[in-house]
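These are the structures, in C-alpha cells.
Next, two complexes with chain A in common: one pairs it with chain B, the other with chain C.
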Partner chain A sequence: MEFITNAVMEVVNSKTWIEWLITIAKFALCFVPVCYILLLIPMERRGAGFMQDRQGPNRSYIKIPYFGKIRALGYIQNMCDGTKLFFKELHTPTGANKIIYNLAPIIPFALTFLVPCVMPWFGTMTFTFGDSVVSIPGSIIDSDVGVLLLFGISSLSAYGAVLAGWASKSKFAYLGSLRTTAMTVSYEVCQGLCLMGLLLLVGSFNLTDIVNWQEHHVWGIVAQPVAFICFLIATIAETGRAPFDVAEGEPELVAGYHTEYGAMQFGFFYMGEYAHIGICSLLISTLFLGGYAVPFVTTETMQANMGITLTALCGVLAFLALAFLHMIYRYSRKLAASKQSNKAVILQEYKLYKLVAWVATLVFVAGAIASYMFVNPGSTIVNGAPVYGIGVALGTAVIHLLVLLAKSVIFCWVWIWVRWTLPRFRYDHVMHLGWKIILNIALLNLVVTAIIAKLVGGN
Partner chain B sequence: MARVIKQKPMNWVERLYVFECLRGLMTTLKHAARGLFRYEELPTISYPEGQPEIRNTYRAKHRLMLRPDGTPRCVACGMCAAACPAHCIFIEGTQSEDGRIEKRVMRFDIDHLTCVFCGLCVEACPVDALRMDTKKISFEHRTRDEFVAHLSDLIDWNPADYPDDAQSQVAPGGTKNKQALETWGLEVK
Partner chain C sequence: MLALVYFIILAVIAVGAALCVLLSKHPLYGALSLIVSMLSLAGIYGLLGSPFIGVVQVMVYAGAIMMLLTFVIMVLNSAKDGNTPRFDKVSLFVFPAVIALAGLLGFALVSVPFGFNAEAVRGSVAFTSSTLFNVEEGSRGYFILFEAIGVLLLSAMAAAILMAKRRIGYTASEKEEN
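The block that comes next holds the complex of A and B.
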C-alpha cells in the first residue's frame, strides 16, 4: 500500500503545481476540432450561398422579449437543424448488425478528440516560477513520432466508414464504404510521401521540431511548394469531400456509407467529417504554414517586445471589429432605404451588433494603448537565453494559438471554396490522379529534395 | 440543315486542368467576396418581405377592363375561351340592357389552377376587355374552388394602381372617368 502511495506521490511531486495545472488545462484543446464544427457548418452553408449569389440560410430566429428577433447572421438555422437531428428517432434497418451499426458513427467522431493530442498548439512554454525554470511542451503528447501518431490515429476514421457500410446491410452503403475506404487508403499513401520531403529537411518526426524549423528557416510552403500542393489535394481527397466525393453519388450510391443512418447517427458522421476538415487544416497549417509561428517574427523577438506584440494583436482585432461595423452600417443604410416589410426587425437586431462591435473596438483600442504603455516584463538569463515570467509565457501561448487558428481557418475556407467550385471527378479519375500522378510527383519531389539537401549540406 | 460546330481542341494549359481550376476558383472567390463584403448587393431578394419588381408586360393574374359606367367591357363573344389552350375560361352571355351593345357577360370564370398564363386570351379579345397586367404573381387559397376567379373578382381593381394606363383611367374612380362618361353617354347614331 505504501509502495503505491509513494509511487503516486513521486509522480505528483515530479512537477510543480503550476505545471500540473497547465498540463491538465491543455486537455481543453482536444475540443478545438469540435468547435471547428460549429464554425464550419455556417461557413459552408453561407459560403456556398454567397458563391452562388444566394444569401444562404438566414431565416430562423430566436425571439427575445422586449427586444425583438435575433437571427445571429443566420447562425440560428444551424442550431435548429442540430436540434432537429438530435430529437429524431434512431432507426436500425432490419437485418443490420445492431452493435456495429450503432458503434460505427461514434468512431470518426471520437477520433476528433484523439488527433489534437499530438498537435503543437503553441511553442514550448518556458518560464521562471519561483526559483525554478519550468518548461511545458505545446502539445498534449509531445511525442518524437508525432507525425506518425497523427496519421495513424486519423486514418482510423476509415473504420467508421467500413463498419457503417458493412453493418447497414444495404448494397448502397456497402459500395459506398468500399469506395471511401479505397480512396482514403490510397490518398494516405500520397499524403505520407508528400510529407517525406519536409521531414527530410527538418530531420525529425516531432511536430514541435517541424514548426521550430519553419520558424527559424522558411515555411514549408516555400521550402516544399510542390509537396504542399500535392498534400493539399491528397488531404482534400482523404476527407472525402467534393471534388473527390466519390463515396456519395446521388444517382448511383445515394449517400454512400451513411445511407441507412438518420438522426444523430447521421449527425455524428456529418460532424466527424467537419471535424476531420478542421483537423486537416490544422495539420496543413502546422506542416506547411509555420504552425503557431507568427509570420516574420520569431518567438524570442516577440517575447522581448511583449507590449508591442500585444498592441499589434489588439490593433488587428480592433480593425476586424471596425470592418464588421462598416459592413453592418452600410447594409443597414441600404436596408433602411428599401421597401422590405421586415426591415424594422432586422435594423433592431443590427443595433445590437453595432453596440457590441463598438464596445469591442473600444476595448481593443484601450487594450492596445494599455499594453503599449504598461507591459514591459523583465527577464532572467538562464543558459544564455532570457526567460520570462508566467505572464509572458501565457501571452505567447495565446498569441501562438490564435495565429494557428487563423491559419487553419484559411484552409477551412479552401475546403469549402474547392467544394463549391470544382465538379466532382469520376471514380477512375480519382484513382488515376492519386496513384499515377500525385504519388509520382511526390516521389520525384522526395528525390529532388534529397539530392538538393545533400548538395547544400543540410540535415 | 445541321450546323456543324467545330470545337477547338484544348491547348496544353487547359489540359493540365490545374490552371483552369484556379480560374474557376477565382470566379467563385469573386462571388463569395461580393456576398461577404457587399451583402446588400446580392441579386437575390428576401422574397415574402421584399417583393420583386414586375414589368408591365408580365403575364400575371387577369382583370376585366371597365367602361366609364362601370360595366365590364366584355361583349361575351367567347373568343378568349376559344383561344384558350387550357380551356380554363367559362363565359355565359346575356342580353345587354344598353341598347347600343348586343350582349353583356353574365358569368366569366377563369380557373387559375388550369390556366397556363400564355396570354392568348388577351391577344384574342376584340374589345381589349381582358388584360393580365395586375402584377399579382402569388396565388394562395385553401380550396380548389377559391382558385377560380369569378366576374366579381376580375372587375375588382383600382384605377389608382395603373396610373400610366389611359384605358384604366376611364373606369369609375379614374382620372379620365368624367370626360369619358360624357362621351359614353352620347347617343350613338
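The block that comes next holds the complex of A and C.
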C-alpha cells in the first residue's frame, strides 16, 4: 500500500498546483474536434444549399416568447436530426459478426479524442508564479515525435471502415472496405513524402518546433507551395470525401462500408468523418499556415504590447459582429419587400439575432477601449528575456488558440467547397493520381528542397 | 516505479495478443490480435525511452503493413469465408519451435538481473539518427549499409512488379489465343 502511495505522491509533488491545474485543463482541448462536428454538419448542409442555389435544411424551430420561432440559421434542424439518430433502433443484420460489427464504428470516433493530444494549441506558456518561473507546453503531450505520432494514430482510424465492411456480411460493404484499405495505404505514403520537405527545413519532428520555425521564418505555404498542394489533395483523399469517396460511391456500392449500419452506429461513422476533417484542417493550418502564430507579429511583440493586442482582438470580433448585423439587415430588407407568406414570423425571429449582435458589438467595443486604457502589465527579466505574469500568458494562449481555430475553419470550408464542386473520380483514376502523379511530384519536391537547403546553407 | 506498472500491463497485453494470433481460428482475428500486440509493443518501446522506434512501430507496422495484410486476407478469404483449422501438419513443426524459443527467452530473462529503469535508456530522434547516419571519423555510422538496403529493397520491388506484370501479360495473351 505504501508503495503505491509513494509513487502517487512522487508524481503529485513534481509540479506546483497551478501547473497541475493548467495541465489538466488542457485535456478539455481533446473535445475540440467534437465541437468541429457540431460546426461542420450545419456548415456542410447549408454550404451545399448555398452552392446549389437553395436554402438548405432550416425548417425546424424552438418556440420562445416574444421572438417566436427560432431556427438559429439551421442549427435546430441538425439537433433534431441528431436526436432522431440517437433514438433509432440498433440493428445487426443476420450473419454479421456481432462483436466486430459493433466495435467498428467506435474506432474512428474514439481516435478523434487521441489525435488532438499532440497538436500544439498555443505557444509554450512561460510566466512568473510567486518566485518561480513556470513553463507549460502548448500541447497535451509535448513529444519529440509529434508529427509521426499524429500520422500513426490517424492511420489506425481506417480500421473502422475496414472492419465494418468485413463484419457486415454484405458484398457492397465488403467492396467499399477493400477500396478503403487500398486508398488509405497509397495516400498515406503521399502525405508522408509531402511533409518531408518541410521537416527537412525545420529539422525537427516536434510540432511546436515546426510552428516556432514558421513564426520566425516564413509560413510553410510560402516555403513549400508544391508540397502544400500535394498534401492538401492527399489529405482530402485520406478523409475519404468527394471527389475521392470511391469507398462509398452511391452509384456502385449503395453506401460503401456503412451500407448495413443504421441509427447511432451510422452516426458514429458520420461524426468520425467530420471530426477527421476538423483534425486534418487543424493539421494543415499547423504545418503550412503557421499554426497558432499570429500573422506578421511574433509572440514576443504581442506580449510586450498586450493592451494593444487585446484591443485589436476585440476590434476584429466587433467587426465580425457588425458584418453579421449587416447580413441580417440585408436579409430583413429583402424579406420585407418580398411576398413571402411567413415573413412576419421570420422578421420577428431576426429581431433576436439583431439584439444579440448589437449587444455583442457593444461589449466588444467596450472591451477594446477598456483593454487599451487599463491593460499594461509589468514584466521581470529572466535569462535576458522578459517574463510576464499569468494574466498575459493566459491572454496569449487564448489569442493563439483563436487564431489556430480561425485558420482551420477556413480549411474546413475548402473541404466543403471541393466536395460540392467536383464530381467523383473513378477508382483507377484515384489510384493513378496517387501513385503516378502526386507521389512523383512529392519525391521531386523533396530532392529539390534538399538541394536548395544545402546550397542556401540551412541545417 | 510507475513505469514498472505500465510495463507489466503492456507486456501482459502483448503476450496475450500474441497467443491469440497463434490460437485464433479465423485469419482476420489473427491479424487483429497482431495489431493489438504491435500497439502494446510500441508502448513498451516508448517506455524504454525510445519514442521514435515506438511511433515508427505504430505508423509502419500497425498502420501500413497490417493494413496491407488485412487487405490480402480479405481478398483471398472472401470466396470461402470459412474457418481455417487451428492445428494441422505444419503446427507439428511450429509448436516445438515456439516452445523452445519461449524456453530460451525465459531462461535468458531469468538469468539476467531484472532492473527496469525508464530513465536509463534513451533513444530520442537525435540519438537514433546520429547513431545511424553519423559518418564522421571515429563514429559508428551505418550510412552505406542503409543505402545498400534501400537499393536492395528497390530491386526486390522491381522484380516483384516484373513478375506480376508477366503473369498478367500471360493471361491476357492466353485469352487472345482463345
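One rule holds in what follows: the second predicted complex is superposed on the first by the 453 of 459 C-alpha atoms of A that agree within 3 Å, B and C clash if a C-alpha of one lies under 4 Å from a C-alpha of the other, contacts with A are read in each partner's own complex, and residues count from 1 in each chain.
Basically, a residue touches a chain if its C-beta (ideal position, glycine included) is under 8 Å from a C-beta of that chain, and two chains touch if they have at least 3 such contacts.
Just so you know, these numbers come straight off a predicted model, no measurement behind them.
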Original post:
Does the chain A-based superposition show chain B and chain C clashing or fitting?
Top reply: fit
**OP:** Check the residue A:Val403 against both partner chains and state whether it touches chain B (first), chain C (second), both, or neither.
**Re:** neither
Original post:
Of the two partner chains, chain B (first) and chain C (second), which one does A:Arg54 touch, if any: first, second, both, or neither?
Top reply: first
**OP:** Check the residue A:Ala318 against both partner chains and state whether it touches chain B (first), chain C (second), both, or neither.
**Re:** neither
Original post:
Does chain B (first) or chain C (second) touch A:Ile236, or do both, or does neither?
Top reply: neither
**OP:** Considering only the touch criterion stated at the top, classify A:Asn342 as touching first (chain B), second (chain C), both, or neither.
**Re:** first
Original post:
Is A:Trp417 in contact with chain B, with chain C, with both, or with neither (first, second, both, neither)?
Top reply: first
Original post:
Looking at the overlay, what does A:Glu188 touch: chain B (first), chain C (second), both, or neither?
Top reply: second
Subject >> Degrees between the directions from chain A toward chain B and toward chain C, using C-alpha centres, nearest 10 >> reply: 120
**OP:** Quote the smallest CA-to-CA distance from chain B to chain C in the superposed model, rounded to whole Å.
**Re:** 28
**OP:** Going by the contact rule at the top, pick out the chain A residues touching chain C in the complex.
**Re:** 3, 6-7, 10-11, 143-145, 148-149, 151-153, 155-156, 158-159, 162-163, 166, 174, 177-178, 181-182, 184-185, 188, 204-205
**OP:** Over in the complex, which chain C residues touch chain A? Could you list them?
**Re:** 1-2, 5, 28, 32, 35, 51-52, 55-56, 58-59, 62-64, 67-68, 70-71, 74-75, 78, 124-125
**OP:** Spell out the residues on chain B that touch chain A in their complex, using ranges where they run on.
**Re:** 21, 24-25, 27-29, 31-32, 34-37, 39-40, 42-44, 46, 48-51
**OP:** State the interface residues of chain A toward chain B in the complex, per the touch definition above.
**Re:** 46-47, 49-56, 58, 327, 330-331, 334-335, 338-343, 417-418, 420-422
